[in-house]
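The chains carry the letters A, B, C and D, assigned in the order they are written, with residues numbered from 1 in each.
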């Protein structure tokens, strides 16, 4: 397989199950991956909540990080060693249950660095629960450009 | 109890066990809390790792968020409703095992907002594994100033 | 004038000229303001460049901050005391001349805090030169919600 | 000159005057550079203020960026092409006059990326006016490690 061929949802699920099964614990479901973007769903469980109750910050950050990672795998193919180098997140409103939807979009796919943003909403609602910007280091063999 | 009396480590542990037991899952241990600061230890387990292997970003962010929250509880007392409003983190080097130490320090404790920074290192090592800056909203009854 | 009536471009220009003339030094031109968004142009001058040459970081940050401020004035009306509380920016590619276009969009307009993002591109080009996320404190008399 | 010899304040001033004279416009003065750190003073002028009055966000960001750049030049020597790749800043309190002091400190100096933080205070005051975290790309010939 050429290193520049991106992964589809099934390919990402296989990669995670083989090499990164603990990533499953969060509970995400892949809705779509492609065009430098990815959409995930997260049915909220008790373990995701903090007092309020509201979805915890770490849950939202893990969801944002996963969505951005899958958008990247969808663009550059199977690379376990792409690493988050920075994350900035603003938490905008609480969410106590139901399903979260995370939309990740690559803003730049460079030789060494990818930059993307992720918006997280309650399913069916227009308002953002959280918004994150992330940077990823891209391993040499997978560099774009 | 006056709202302005901060919590000590035992008080924080009790508050967590009563109202926020799922926060225990991460596996932190409190070393110290006080003087607008907090230090936590995190013995690294398999569940904290991502391929590399290295401690995952979400683990480091959850640790940073917890350390900042405890520094805040140590300054303003028992308030479950202090909420993270933003987090910025830079991941600087990998860490595959051992124990992480997180040092949180409040940079500002205002009427509506607290700002702090957290440095995370491998225990006994000088170099930063990650560095985070966080803002927290402070509920009205606990406001400083 | 009701505090909830937003300013149009002419109103913003007047407000700046009367109360904040030094903001003019950057050299921005307003293209549009409204619908919780604002678009500015910035014809690049020698003073905006750093060695490379490329538009300097401070120039891009000032442009992002101004675009977000105008989007906010367009939503909540004349308030000089809305203040930037945080800014996160990623610089993605250099730009040595021509005209920059900044698009600001409010992501949340709350009672105490507004959050927005700004994308900056070279005029006519699709790729981002920089992307920023900003938070603003909203003075009491201008609060939304 | 070996590429790994850092610049002292006089060397930085010369480099700026020769290659980046527009950086002088801000009005900074170098107090010290070395040990992966730098301290600058900024006497506040009318052009630095926004309504309030208070030092403007762009002024504080430009000061933070300059202090971090000088800390980097002090560590890796004369390299005009080190570029800011990201900046995160929290603005904590206003400052209407006097002198600002910015303290920059490198948190990581890697092969491709440097990370640092900058605290800005009113001269003689303990409280932070602003706190920034920055990342810089390091050109190949100047890489540490």
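In this section, a contact is a pair of C-beta atoms (placed from the backbone, for glycine too) under 8 Å apart; a residue touches a chain by one contact, two chains touch by 3 or more.
Here the structure is a predicted model, which means the values were calculated and not measured.
Undergrad: Applying the touch definition from the top, give me the chains sitting in contact with each of chain B and chain C.
TA: Where chain B and chain C share a partner, that partner set is A, D.
Undergrad: Among the chains, which is located farthest from chain B on the basis of C-alpha centroids?
TA: C
Undergrad: Using mean CA coordinates as chain centres, what's the gap between chain C and chain D in Å?
TA: Distance between chain centres: 23 Å.
Undergrad: Could you please state the distance in Å, as a whole number, between where the Cα atoms of chain B are centred and where those of chain D are centred?
TA: 28
Undergrad: Express in whole angstrom the distance between the two chain centres, defined as the mean CA positions of chain A and chain D.
TA: 33
Undergrad: By the touch rule stated above, which residues of chain D touch at least two different other chains?
TA: 85-86, 88, 90, 135
Undergrad: Classify the inter-chain contact topology: is it line, ring, star, complete, or other?
TA: Topology of touching chains reads as complete, every chain touching all others.
Undergrad: In their shared complex, at which residues does chain D touch chain C?
TA: My answer: residues 19-20, 22-23, 25-26, 46-47, 49-52, 54, 57-58, 61-62, 65, 80-81, 83-91, 94.
Undergrad: Along chain D, where are the residues that touch chain A in the complex?
TA: Residue list for chain D touching chain A: 85-86, 88, 112-113, 135.
Undergrad: Spell out the residues on chain D that touch chain B in their complex, using ranges where they run on.
TA: Of all residues in chain D, those touching chain B are 88, 90, 92-93, 107-108, 110, 115, 117, 119, 127-128, 131, 133, 135.
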